[in-house]
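Notes follow the structure.
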Amino acid sequence: MNNLTASDANPSVPHHESEFKQKCRAAWKKSKAFFHGNPPGIIGGFLITMILLGALFAPVLTTHNPDKRVARPHVAPNAEHIMGTTRSGRDVYSQVLHGARKTLSVALFAGIIATVIAVAVGVTSGYFGGKIDEWMNFITNVFLVFPQLPLLIVLAAFLGQVGSALIAVLLGITSWPWGARVIRSQTMAIRSKEFIISAEVMGESKLRIILVEILPNLISIVFGGFLGTVIYAMGAEAGLGILGLGDATEVSWGSMLYWAQTSSSLYTGAWWEMIVPASALALTGGALALLNMSIDQVSNPKLKTGPHLKLWKKLNKEADKRRGLV
Amino acid sequence: MHSKKILASLVCGLLISAGGAMAEDIKQGGTLTVPIINTGFVENFNPYTSGDLTHGVIFEPLMVFNAMTGKTEWRLAESADYSDDLKTITLKIRDGLKWSDGQPLTSKDVAFSYELSKEAAAFDLKGIWPAGNLKSIKTPDATTIVFELNTPDSTLLWDLAAYHIVPEHIWGKEKNLTTFMNVNPVGSGPMTTVKYVKSQQMQLCRNDNYYLPNRPYIDCITYRSYNDNSQIQPALMKGEIDWGSNFIADIENTYVKADPANNHFWYPANDAIHLYVNTKEAPFDDLNVRKALSMALNRADIVDIAAFGYPTVNYNAGGIAELYKPYISKEMTAKYKDLTQYDPKKSNQLLDQGGYKDLDGDGFRDMPNGEPIEFDIEVVNGWTDWIQVVQMVTEYYEEIGIKANVKTVDWAVYDKNLKNSGYKMSINWSMVATNPIQAYQEYFLTDRAGQSFHGGHGVHSPEIDQLINSFGLTKDPMKQQAILDELQEFTAANLPFIPLFSNPTWYQYNTSKFVGWPSEENPYVRPVWYDGGTRNLILNNLHLK
Amino acid sequence: MSFLLRRLSFYFTAFLLAISFNFLLPRMMPGDPVDALFAAAQGKIDPAAMDAIREMYGFVDGNIFQQYIAYMQSVFTLDLGPSVLMFPVQVTDVLAMALPWTMFLALGSLIVALILGVGIGTYASYRREGLFGQVVPPVLAFISNFPYVVTALLLFYFFGLKLELLPLAYTYNPDVDPGLSLEFIGSVLKHAILPMGSMILVGIATWVFNMRNAMINVLGEDYVTMAQAKGLSSFRVMYRYAGRNAILPVATAIAMAIGFSFAGSIMTEIVFNYQGLGNILLKGIMARDYPLIQAILLILVSAVLTANFIADLLYVWLDPRISK
């Protein structure tokens, strides 16, 4: 979760007071540069921060127990239940906040699994080349041509009651190949660059080259891929949920949609039961996409002029300095 | 040509039930639209493989056991009699019956239809052949069929009514019956002419050779394919469907409100729903625990909140409910009425007396030896109405300090656990049949354990087996009722399951085009579309306004 | 040529792996079709008849290896046996009923999204400093990343249910006779608007961004500057010079998108009750109709593989250096 907010709120853990302050200032500057003149980034970042805060502080912010019947069925939004109640008399507002925790943790967990596999496969494949590349590329392609969502539906259905943890794992291990492919080609592009060759000549270990020289150059691609997977995983969780293939007794946005669907809430006029979790999913997906787009622009300066070009040049200079080229 | 007296009285009876209209007043014509939940229609009119679309429509039943009125409605058959030793059934069919293609329908066709299920075992829905109950079928003349049984059994006739009567001159030529699609169906029911079959809709029209004059009053019936109930709801609200048999959320505010003059519903009680308890496991082996768990439930609130108030609360501890109302023993109900009343105080008291106290201070009761009490209540994944019921049940159990969890499982797991007693507590239905004895067979017969959903609770005894089996050895209704009374007493005294409510029969009808519907005012049959017999009776009664 | 051969052998191996997995999947899971049938009948079928029914559907336990051989044979002869759900109709006939609708939905929405996306993307890149280039792409990114179901549900609610503008179910009005009549085609199009619209909304941003990024790279090239300097109209520059070169990387993305589009169609069909593969897949899963489920997965895998192969051919054609 820290990854997401690293750029705007959470600084890394301090070692020394002064260093901490410096880092703080540096992070602040970086994030200022990132958001400056970048409305999509600002909007996306703001929405995501709000949603994450809502999820994080759900126990404090909620007014009712999301798992308990607290009122009559399908009470319209009012002062007591600001987003109304569900068919089984549960508070929608409390459910949507608690649901955020489950849904987001499934999506983030799936994103982490997929990203780790994608990086491992992509970098290994791209850096080592030859037989290793051939094999890894083969496996990647096989996974790539397998229809993910139908496969997930079938798997989830056959496994019976699928808890959120299992859904996260399933999503993670089925959605890495696209990222692996992109990372592989990017790694191949980087590995022929001078600084890698010089590092190899200087006799640095392969592991060190990968970790220190290659990975830092992949960060924006990896993070972009991570956000993409998170968006996808969130949608898939909701999709499985509404089909009744998730665990309906857990509170997540997917299961909320499921209960809203089975109680025909749209037909009975209780739109809030359906529209609230749907909007939450839509907002989160959209906000993540905006953030992803902004990162894309920062990492690919051609896509935008103005402040980003400056930022990119600065980052580039810093990177060059680290590599000892300047 | 035909015994006119019988026909006249039958027509009269139906007319009276249809609201007393005279024959001349009844308008002919009209097309009735009903929803079918499936993936689309194909040209398959084999009644055994086409998924319950044709019985009572293309294929006329021999007789219909009308559970609502307790009467036998004679259709193709005009009588069925047991011999005194209960080893022969003599069935008489009407004179001069014809198939829709004009060929005569005789006792040979009927006998053939039963022999068919011996050949194609997949068609033997009630297992009349492998069980060895049926020995042979004979046809002494064109209207008489004699069934000979191996052992006396006064209940076999009920099973016979479930089979389809098909023409021998068509089906006799077929080699592979299970893949036979019967594309141009020949039948004896009210609607035998296939107008068209499209994947989303199909239409069947009247049989000009139908054995009842002027019947059916309506010309055609249109089946429309729907995905699920949520799709049927708007179709009903828009008046696209005349007759629904589906769960409709908040029906008063959606369906009825859309057209209060014409949109109606009637939800008479269906099968009784119980919480089955595994009496072989602690603490459920203690009868007082089972009693406490029963008294902890506010059934009226569960029905009201978890199920929109549509089911009927079941206060009978004797194993049967509203569906079998005429058979319920009032004496027994009164004797055990405390068992089903909401009384948490009494529940707590019973548990305290049994030594089930909170020993580890977690807010929940423990076994006297200190082991915590915690169990799952199994429900099938996706059966949302029951999931909500069980969620409420766990809330009530929490009030008396019992920790229970909702556990949603796949059907395959649920099915296996019910049959093999793999559950601690599980929600399930009970047998819907012609007579309650069939429900008790499922509950208690020792050799049904392992096969029946309802026998996994572990309460069995040779005495009860004998009692249940003695039912088929008599055809005296008084003796039969005495057996049922004894079984109710046994059930209530042992409480192998906790009664909750009776499921509703889902039934919505639209009177803008057609009248003659069964209703609360005119309950001539329990309005079940998914039963060929009752569907047949209703189709014969409907006519244009 | 060796490139294409290599690709072909890869696709064949991938196909074998996929269908083998397809074979194992149902066999690893609890429950069989007859149990599911029993569930639907609420336990009113005699157990002895159940065994006979099991035999009727061809679900007799055998050596798993023999089953595998038989399965492979059935796949390569396209004799997939009867469906359980719609017994005794053949699986291939069930697919023939549903597949055209899914193809219509998946490919139709893909093509519309592609055309719109490429157009908008090109324009946005050309006007990247202007209001259009600044506002439209982020807005599209925002909307396009609503989960499939959510977009579908929102459209369903507002246009189908609230405004009652468009139908809520079916591929066409069941009262209309299928055929080459204006009424039928109109009905089909009307029923396709919502499901297709939701898929276009979800799909479009990919193309806008692919195209925009490719365009921006191309627009920096000398020949574009040259063309601009020659005083050619901006439309000509944009679409004739820059656009043609930028479309190359976009073309390769199409192959992947076909797979995604089929998958997306599944969720959309379920929300809009559209009678395609997705709907049948869900029903098949509920009924544990293994022959049907396997056949649908088979079709989806084949679709993706074919699309990839076409992309390879396109590649060879566009850039002959690859085939060496």
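Lettered A, B and C in written order, each chain numbered from 1.
In this section, a contact is a pair of C-beta atoms (placed from the backbone, for glycine too) under 8 Å apart; a residue touches a chain by one contact, two chains touch by 3 or more.
Here the structure is a predicted model, which is why all the values come from computation and not from measurement.
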item: Two chains sharing the most C-beta contacts; value: A-C
item: Chain nearest the overall C-alpha centroid of the shown protein atoms; value: C
item: Between chain B and chain A, distance of the C-alpha-averaged centres to the nearest whole Å; value: 50
item: Centroid spacing, where centroids are CA-atom means, of chain B and chain C in whole angstrom; value: 42
item: Cα-centroid distance, chain A relative to chain C, in whole angstrom; value: 24
item: Sequence positions of chain C contacting 2 or more other chains; value: 30, 161, 270
item: Residues of chain A engaged with two or more neighbouring chains; value: 159-160, 267
item: For chain B, residues that touch 2 or more chains besides their own; value: 234, 410, 412-413
item: Residues of chain B touching chain A in the complex; value: 229-230, 233-234, 237, 248-250, 253-254, 305-306, 381-382, 384, 387-388, 391-392, 395, 406-410, 412-413
item: Of all residues in chain C, those that touch chain B in their complex; value: 30-32, 35-36, 38-39, 42-49, 51-53, 55-56, 82, 85-89, 93-94, 97, 161, 168-172, 174-175, 178, 270, 273, 275, 279-280, 283
item: Complex contacts: residues of chain C adjacent to chain A; value: 10-11, 13-14, 17-18, 21, 25-26, 28-30, 128-129, 134, 137-138, 141-151, 153-154, 156-157, 161, 205, 209, 212-213, 216-217, 220, 256, 259, 262-264, 266-267, 270, 281-282, 285-286, 293, 296-297, 300-301, 304-305, 308
item: Touch list for chain A against partner chain C, complex; value: 39-40, 43, 138, 141-142, 144-151, 153-155, 157-160, 178, 231, 234-236, 238-239, 242-243, 257, 266-267, 271, 274-275, 278, 281-282, 285-290, 292-293, 296, 300, 302-305
item: Interface residues, chain B side, partner chain C - complex; value: 38-40, 42, 44, 46, 49, 120-127, 130-131, 178-181, 198-201, 224-227, 231, 234-235, 380, 410-413, 415-416, 429, 432, 451, 453
